[in-house]
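You will see two complexes here that share chain A, one where it goes with chain B and one where it goes with chain C.
Let's turn to the complex of A and B:
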């Protein structure tokens, strides 16, 4: 069996996940879940090589601890999709709530529209694992707070001004936040500094922009310039100067 | 103007009549107190932390150590420590960091509680000839059991039981992360708990591969930094613990300084070498009791509801109400960490001033959960300053199911509670990542020492129970009739729900 279709109408998340896990174990490569309405934890802790399509609105912690699968949501997402995710991909054809990609350490989360507060909070990288959060629209406050690695890219399509919320990168000590257009200094959190977005940055990130655009059928050309702000940590040890010994 | 130096904290001296110049003190001191010049050992007492490594290694008992050899003008309020903290902060303008647990002289409630024994009217039990049941199950207990008769006439259990942890003794080792402590320390603890049929916490630092053989005796921790947390890690542990707070520093997060993030620590935590490992104060996906329930269920869902999930909180003013919320979150146990709980490093002002004693917290939580009829929904694990089997027995009589020990297990490995863990130079090889120091612990011997300690306390607990005429740990749990308060005020007795001595 190559493709499984599940009707999730009125279904609790535990039997739903059980069905997904059994299917993946049996070698199913494609799962379509219809009538999803608020079921939390879908694909939680799931491993394997499978493509999941969710039609509807999944509940919180979508794909938490997931490692491997690719999950496409045709709808908006609740709280914390990609929470502590390890690998794989989430593609949201809509907006998502707070704490998107919380503590994510690998894989990609693409959100077509906007996200809530604390997006990409405490994302971290290690060796070859570099998590990536790309947002088509804009984000609320505390984007990339305590960020310890990886990339957050905000493309700002359809919003003017691009970023209005403060606390960007508070306590950031690794990784980078790249935001379309100019970002006012007053929006930066403690420990975050702006650097120039150069041609080489554009070259480095253009595959990411192109991939994002191709997933949502967007023309990437208007985004291919250096009109971005790059926000990085002022130190990898933001709290080093705060303490004295007894 | 200069503040000059403060007086020596410790004064080290060598009795040259006894010293045979073996140089073990020089080799053993990682703080650099001793150096050799010509044929003389020169002492720099200012570097001493009173860790006692040199004293314990000296074959001739030739080393002497004196605390505060220089007197200040005595004053009951302006203690030497109060004055020196001000001098330190006048110099630096910074937050003072300190190691180990609360160092203020608060009264110890355990020492104001006495246990009971049988005389005449009911016989005591001799654990030598009677079985003593110390086995403890942590996790949800059903409020009722349903049975059915099968075709062969046998009775079968219909009620689905939640997964529980089975402990052979109600003593576990609390969460101390790899990074805060060394690998050989964790290995020693792991060997001990495996031998004794109990469990240890991994702390928030992932699980080093050397611990995998002992994983069935580990409780893995998920804290706000999510260091080392992935699905493999969650599946390895026998249980999962969400750390909300810690008794030594309630309300704040943790920072593992970059100096302690070596190659192996970086790999286990999954962060770059030398970067600070910052755990934020709250979990940023938990801003309410409903969010906590979501994380508990998320962890259960990820591990297919096979593992108990614990929630650890610091004992704070409203601990009972908070625990009652946790009991409704699907969690299987609540861990309460009292204000004497240890730590590698904490701001001194928090360590010494924030939180409440574990004795009061256990009693308040047990009472509240019983009142609300949900005591069976969660087990209570107590920690923070359990020094001996008497503290253990009293904790259980106040309502705990089991305890976590931390500092006590480290003392079994050599720790002398010098409180300099945050410096990363622990000469006992415990709170350090420097390989030559780590190598000072042989996990075989260390494991033996820690297992001995757990074994000894277990024997003493059996004796105490037998003397009280109890042959099962369930009969001691929450049995306040077996406790009396000695010189405790009426308010405290009411919180503990304990009668005074003589009553």
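Let's turn to the complex of A and C:
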């Protein structure tokens, strides 16, 4: 099946998504969307085996509820790409706004540069479903807020210091946040603690780092050491006594 | 405190502001397109624009924009009051053009006005004080009249409707300003009406705001105890008055005003070097009642520049970009790119960090 090319200039997201869904239903495996500017909800709820390339700046909630497709963005994203995503992949050759990957349930979100506030908020995992958010640059505050599962990895390329924003893992009760370099204790949110990043952690995460780097043509070798900080919940139920007493 | 969930709320509102620091005029067509791009953030119940530098023929006169319910009783009362305290050099209906999607509920009128400043004593800004008192007086006492814009060489254009309808209703492309702010409203706590659309203005201050000021009660008490009257039935109004008190009357710089309204947390203040710690400590104690809580992203304009900032835990979006003399502040990057595809230095400021663009000529 031939590649479908859509010119989205001035197009509303409803006809755009209709066109995408019809194409996927007809068996199209590759879609290129040009002149995207601010259209929200692109590939919303989309299922299937298709590669989508977006040239431009998609609006909020890119690939919300999506399960399966791989979506590459050549440009920045606004708020919440990967919102409640179920499976598949988003690759952003740029930066993204607030609440990236929020409530994500499965799949991968890769952002080459930086993200805004509350990245990975409410991310969760269940059995084999383990969502991943990988950030090439750095993140603003409240990264992994209320996180319940999955992995957030911040590689800190090009930013010094690597993380400056507060509230990391505020309310975290599952999953892990891994940040390149050392993270100051004062940046940890309520319920989050630091643990050592070991050789076995590196071995476990090496494939993720390598995959991320291969997508953006980055040399992974300088990232392959244990100079990371691992942030996890202080207990499995850090807020057991917060609203009720047992 | 961290429990507020920006990702669940439906009220969002779209804001955008631009300044040409070299004071080159821009017509309103670009900002109309930018604001319309964010229509998902509005509900068609309020939109508005403000532009600075649009009345070069009246560079020393207050341009009073008034919504009249009719041109008989309320207008007679306003005319009498204005003539008592100053001189009307020109007045006319603001030109409007019927739009199928917008119901004309008020008659927008404008005056070019010079107050008699020798009627006020004991003020370093007697003309501003007189106009402010007149605005408060008209808005709280004269039924059927609402002054929604009262600065010099600037003007607000707003109504209940979608951004493009409001823009075409006033034909904002016919005005050239070196600063523009625009707002697309999604009213949540109070009904949408013409006076409740943004921008809110008093004297030289104009405000557009996305979010909700949950400290409104405290802030309202503070501004009312300083002689302001809240008449617009919505929270944003207090921001204009707070800037007038802190910026004009107390003489604070823009970044200090922002520090008073969205201060650092106490633990951050405790970690500061001594001098800075003392300043921030004093600011919080002095301006506790001016501090704003709740989710917000705000852009404020004066004839001298614009300042954008968000609440302290960043519950609303704000993007900044530049191109030469132009500085843009908006809810969405795409809106900026519609106005200016060649923008550079796109970034997201930190929570509570003021982004300031001042005129350079």
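Simple rule for what comes next: the second predicted complex is superposed on the first by the 242 of 246 C-alpha atoms of A that agree within 3 Å, B and C clash if a C-alpha of one lies under 4 Å from a C-alpha of the other, contacts with A are read in each partner's own complex, and residues count from 1 in each chain.
To be clear about the criterion, a residue touches a chain if its C-beta (ideal position, glycine included) is under 8 Å from a C-beta of that chain, and two chains touch if they have at least 3 such contacts.
If you're wondering where the values come from, they're calculated on a predicted model, not measured in any experiment.
Touch criterion not met for A:193: it reaches neither chain B nor chain C. Judged by the touch definition given at the top, the superposed model places A:40 against both chain B and chain C.
Of the two partner chains placed around the shared chain by superposition, neither chain B nor chain C is touched by A:202. Touch criterion met: A:124 reaches chain B, while chain C stays clear of it.
Residue contacts after overlaying the shared chain place A:67 against chain B, while chain C stays out of touching range.
Within the superposed three-chain model, A:224 lies out of touch with both chain B and chain C [touch as defined at top].
In the superposed model, A:141 makes contact with chain C only, not with chain B. Judged by the touch definition given at the top, the superposed model places A:105 against chain B, while chain C stays out of reach.
Of the two partner chains placed around the shared chain by superposition, chain C is the only one that A:57 touches, whereas chain B remains out of contact.
Counted by residues of chain A touched, the larger count belongs to B, out of chain B and chain C. Shared contact residues on chain A (touching chain B in one structure, chain C in the other): 40, 60, 79-80, 83, 99, 102-103, 118, 121-122, 145, 171.
Of all the residues in chain B, the ones that touch chain A in their complex are 88-89, 91-92, 94-99, 224-226, 229-231, 234, 255, 257-258, 266-267, 270-272, 274-276, 278, 280, 284-285, 291, 294-295, 297-298, 301-305, 347-348, 419, 422-423. Interface residues of chain A, counted against chain C in their complex, comprise 37-38, 40, 57, 59-60, 76, 78-80, 83, 95, 97-99, 102-103, 114, 116-118, 121-122, 140-142, 145, 165, 167, 170-171, 186, 189-190. The part of chain C that touches chain A in the complex is made up of residues 2, 6-7, 37-38, 40, 267, 271, 313-314, 317, 319, 332-335, 337-338, 346, 348, 350-351.
Note for the complex: chain A touches chain B at residues 13-14, 17-18, 21, 40-41, 44-45, 47, 60-61, 64-67, 79-80, 83-84, 86, 99, 102-103, 105, 118, 121-122, 124-126, 129, 145-146, 148-149, 171, 173-174, 236-246.
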